[in-house]
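Okay, so here's the structure we're looking at.
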Amino acid sequence: MDVGFIGLGRMGHNMARNLCKAGHPVRVYNRTRDKALALQQNGATVVDSIAAACQADAVMTMVSDDQALEAIVFGAEGILKSLRTGAIHVSSSTISVALAERLTQAHEAARQSFVSAPVFGRPEAAEAAKLFVVAAGQEALLQQCQPLFDAIGQRSFKLGDRPSKANLVKLSGNFLLAAMLESLGEAFALIRKGGVDPQAYLELLTSTLFNAPVYKTYGAMIADEAYEPAGFTVALGLKDIRLALTAAEGHSVPMPVASLVRDHFIEAVAYGGQDKDWASLAGICARNAGL
Amino acid sequence: MDVGFIGLGRMGHNMARNLCKAGHPVRVYNRTRDKALALQQNGATVVDSIAAACQADAVMTMVSDDQALEAIVFGAEGILKSLRTGAIHVSSSTISVALAERLTQAHEAARQSFVSAPVFGRPEAAEAAKLFVVAAGQEALLQQCQPLFDAIGQRSFKLGDRPSKANLVKLSGNFLLAAMLESLGEAFALIRKGGVDPQAYLELLTSTLFNAPVYKTYGAMIADEAYEPAGFTVALGLKDIRLALTAAEGHSVPMPVASLVRDHFIEAVAYGGQDKDWASLAGICARNAGL
Amino acid sequence: MDVGFIGLGRMGHNMARNLCKAGHPVRVYNRTRDKALALQQNGATVVDSIAAACQADAVMTMVSDDQALEAIVFGAEGILKSLRTGAIHVSSSTISVALAERLTQAHEAARQSFVSAPVFGRPEAAEAAKLFVVAAGQEALLQQCQPLFDAIGQRSFKLGDRPSKANLVKLSGNFLLAAMLESLGEAFALIRKGGVDPQAYLELLTSTLFNAPVYKTYGAMIADEAYEPAGFTVALGLKDIRLALTAAEGHSVPMPVASLVRDHFIEAVAYGGQDKDWASLAGICARNAGL
Amino acid sequence: MDVGFIGLGRMGHNMARNLCKAGHPVRVYNRTRDKALALQQNGATVVDSIAAACQADAVMTMVSDDQALEAIVFGAEGILKSLRTGAIHVSSSTISVALAERLTQAHEAARQSFVSAPVFGRPEAAEAAKLFVVAAGQEALLQQCQPLFDAIGQRSFKLGDRPSKANLVKLSGNFLLAAMLESLGEAFALIRKGGVDPQAYLELLTSTLFNAPVYKTYGAMIADEAYEPAGFTVALGLKDIRLALTAAEGHSVPMPVASLVRDHFIEAVAYGGQDKDWASLAGICARNAGL
């Protein structure tokens, strides 16, 4: 499948490369061209405009937030203007439910197709093509996109016709991760002040009740108090919790743990921690305990 | 190892039976004798008093709360009066850190030994000898007790000399479970109001980020909204969170998620839900969202 | 001072009438003309467009939210296009800090003046010209507007050159009121379940520690559980808390009580309570206590 | 009325002196005798034992917590053993609802009388005989005690037959004060980071919506960030919130603001602030905002 790819940050770069590796012809575009050039060795065609990236069966976008995606889609030479009738915009960014709804309508009005396919996984997982793809959109479109999902991820999940459902699920998943970080932060603050060895505690937790990779990965960062370099920053974590809370308010769902996590992310930012890994939420818990 | 066992609720019964199965001579005592009799077929000797249960190298206790254990230990014919010099009291109940400290001192003053060995696992895990044992106490004592731990659990962890550390870790673990229940409750309320199928969502969560048994077990209860019969009740969950918060206050550790979980457990009790499974915390989240 | 007035809801109607009473020539405009006609008896000139209302030395706006004010200001025939050079836009609506900043810049670019002058007080206070006016903007402009403030309020406060500071203070004040409602809600739930008479409790509170009118007004609603008709709705309260939280995030200030109040407002909405008085926050506290 | 007075801290000293001034013969007792001697000039009789203080029609107690009162009442030479049949124990300490219940029963069993009469007001109010007395107990007893209440306070409130209701109300009042401190702390952090002058903000708040003395007194401490010397300490505030939460749990009432305040008091203690004024709760809000 001929595919364009826009947004070559740490995640996007790895995803685009895996699309190349899987044999798809990929036209890559990035605002700063350097990042695109690195993919030439993988067989990607570097293009100089969004419009050029859109000369394909599908264009995949992976950018940092709503604002970035809005600029790419609704801009003067944007996707909406450039994509041919029937072609698919596959959005993998973590964006708001509201923007997903708006994109669905805008693409439909333009006789284009839209699929939401946000992913779970940190950059290392993206590199190893081990992402989990959470997809929603019309069934026929999802089937067309399956080869793309297979190229970037270890498994994909279909959540029905309405693209925004995938975004809601993605946001809820990031909320659950942040809630885990906060909870672990509180638990580690407690046992550390109680004189228990954090590494022994981590070993106990992750080999008994919580033997999931996320607990191991993040638990190790927390036990080591090593929050740099960031795989996923506090600033992005805060953005996603904000989007989750906005979506929740739209559905009239109180989410007190999300509210609390938001407050702690803001506290982290107040102390200049916006670029640390979001696991540093646990550092806020430690700090508030006087550690 | 000759062992007494006091407290034959769902957990204790299974633990005592596994001690029998492992070949230990076990003297079982329960306030209501019926529960003890059921263990005769496993080779247990049913005794009629705490004092009689204490005629052993070690006596293991598994009761519901501080008050129950205090009565058994400090009562007129209690363990403290009955245990011989050098014998070990192994406490597996989920009790307060403060009581563990007090027991440590009281047994030492009485020239007896004390080991804290609370366990993680629901009754089914206790039945299958698959508990995780969290043990703390003098190293020599822990070694002596190892055969007991092996009989009831799949693995044991040693947390150092001071028995109360095991209790602190146990309480922190139950806090983490309750935090998970609350977080899942909020996430499920969100996606349900957003029109996502709860079963598909559960499958997605537990086969990607959160593929730990606790997420599967509790996630299924939450997706099914099936909170009865209880494996572990709201009332017990509230008790444990209270103990965690008290221990945390003792160490000057704020635990806002624990505070929030406590508030939701209290709300559950206000609606008569004290005997439901503590996973019904998620039901409170659903209710507050108008579901 | 020749003044236009746009937005004749319960608050705006009373404010415009008091401007008339004070002898100012007032041109009133409302989307639904009926509400404007009622002011003719007070000497107001009813006009048919925003542009017509802007044929004055100053135009005052009192609408429900950001969106409404944006439409009025930035619309095709809006204030920005209609106000003459040097004339003043006095914004009394409770709007976001961000919109106040944007209006400051837009009016400056159009060589017009902008003053923020949100007010504290319920409709009855507006009727009695007993509002408190919180004003910010250039000192010379504030002096020009003083007769307007005197006509609608019992006292005005100047908060400096930057208009948005008045909006921040207004939002913080509404937060404090909501926090008071939530706190009273929890306290009343407690004493009611403890068997204390709510009216006796109210009398005690408001004649001792909390003898401020807001405690008396809202305390009576809470003691009586009478939340309809609304003086200020849950929907508007939720909007203001949202704006306060957004402003706070902009300044990296965690506001956990605001977060909690937001969650309870959302819970109220989930149960269909958006049109009740925001004092019904206390009803949510009662409900969560099983009352 | 012949009265004993036990507990001569800052509050008790002032209360006992006002009893003397009102012409009551007062026998004063304090663990450290020095504090008692200072009252001789006011006509008090200094006694050397609790028993001696109990040789009166009523004995009033004003100590720091449950533990202190339990020691005084239930001790070997305590009030319960010393008070004559029919004499009244008037407890003004801020104690738990549970202890008030226990005292009611114990005194009844000893054929003595018990009245709960906690007070609102800081030491300066105690000195000026301007306390508010919150009394509960049998009506006849309350009438007998009225002269005592009149001597120490500006007004007293009767809350019915059951003494513990007065304690519940006292705890709820301290909760409302702490909630106010927390809310003001968040609001001040917001406006300070927004560049608004704290003194101007305080003037605005306390001359408009919140013109109650508590807002003025505490608001000034917060605007000045002056939390020492303490009129009422963080440690005592934490104790009272703990008692309020325990009472609320007993009645199955979730109190999320109380939970949050408790977490912030604990954070204050974690940073060594237990002896600062409890208004320093606002300092925690400021600190968490990076101020």
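Every chain is named by a letter (A, B, C and D) in the order it is written, and numbering of its residues begins at 1.
Operating definition for what follows: a residue touches a chain if its C-beta (ideal position, glycine included) is under 8 Å from a C-beta of that chain, and two chains touch if they have at least 3 such contacts.
Remember, predicted model here, so these are calculated numbers, not experimental data.
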Two copies, subunit A and subunit D, superposed on Cα atoms differ by a rotation in degrees, nearest 5, of 180
Select the chain at the greatest separation from subunit B, using centres from the mean of Cα atoms. C
Indicate the whole-number Å distance between the mean C-alpha point of subunit A and the mean C-alpha point of subunit D. 53
Distance between subunit B and subunit D based on Cα centroids, please, to the nearest Å. 39
Geometric centre distance via CA averages, subunit D-subunit C, whole Å: 38
Among all residues of subunit B, those touching at least two other chains are 248, 252-256, 260, 267, 270, 288-290
Viewed as a graph of touching chains, is the assembly arranged as a line, ring, star, complete set, or other? complete
Using the touch definition up top, name the residues of subunit B that touch subunit D in the complex. 238, 242, 248-249, 252-256, 259-260, 262-264, 266-267, 269-270
In the complex, go through subunit C and note every residue touching subunit D. 97, 120, 132, 134, 155, 157, 159-160, 162, 165, 168-169, 172-173, 175-177, 179-180, 182-184, 186-187, 189-191, 193-197, 200-201, 203-205, 207-215, 244, 247-248, 251-258, 260, 285, 288-290
Looking at the complex, which residues from subunit D come into contact with subunit A? 256, 267, 270-272, 288-290
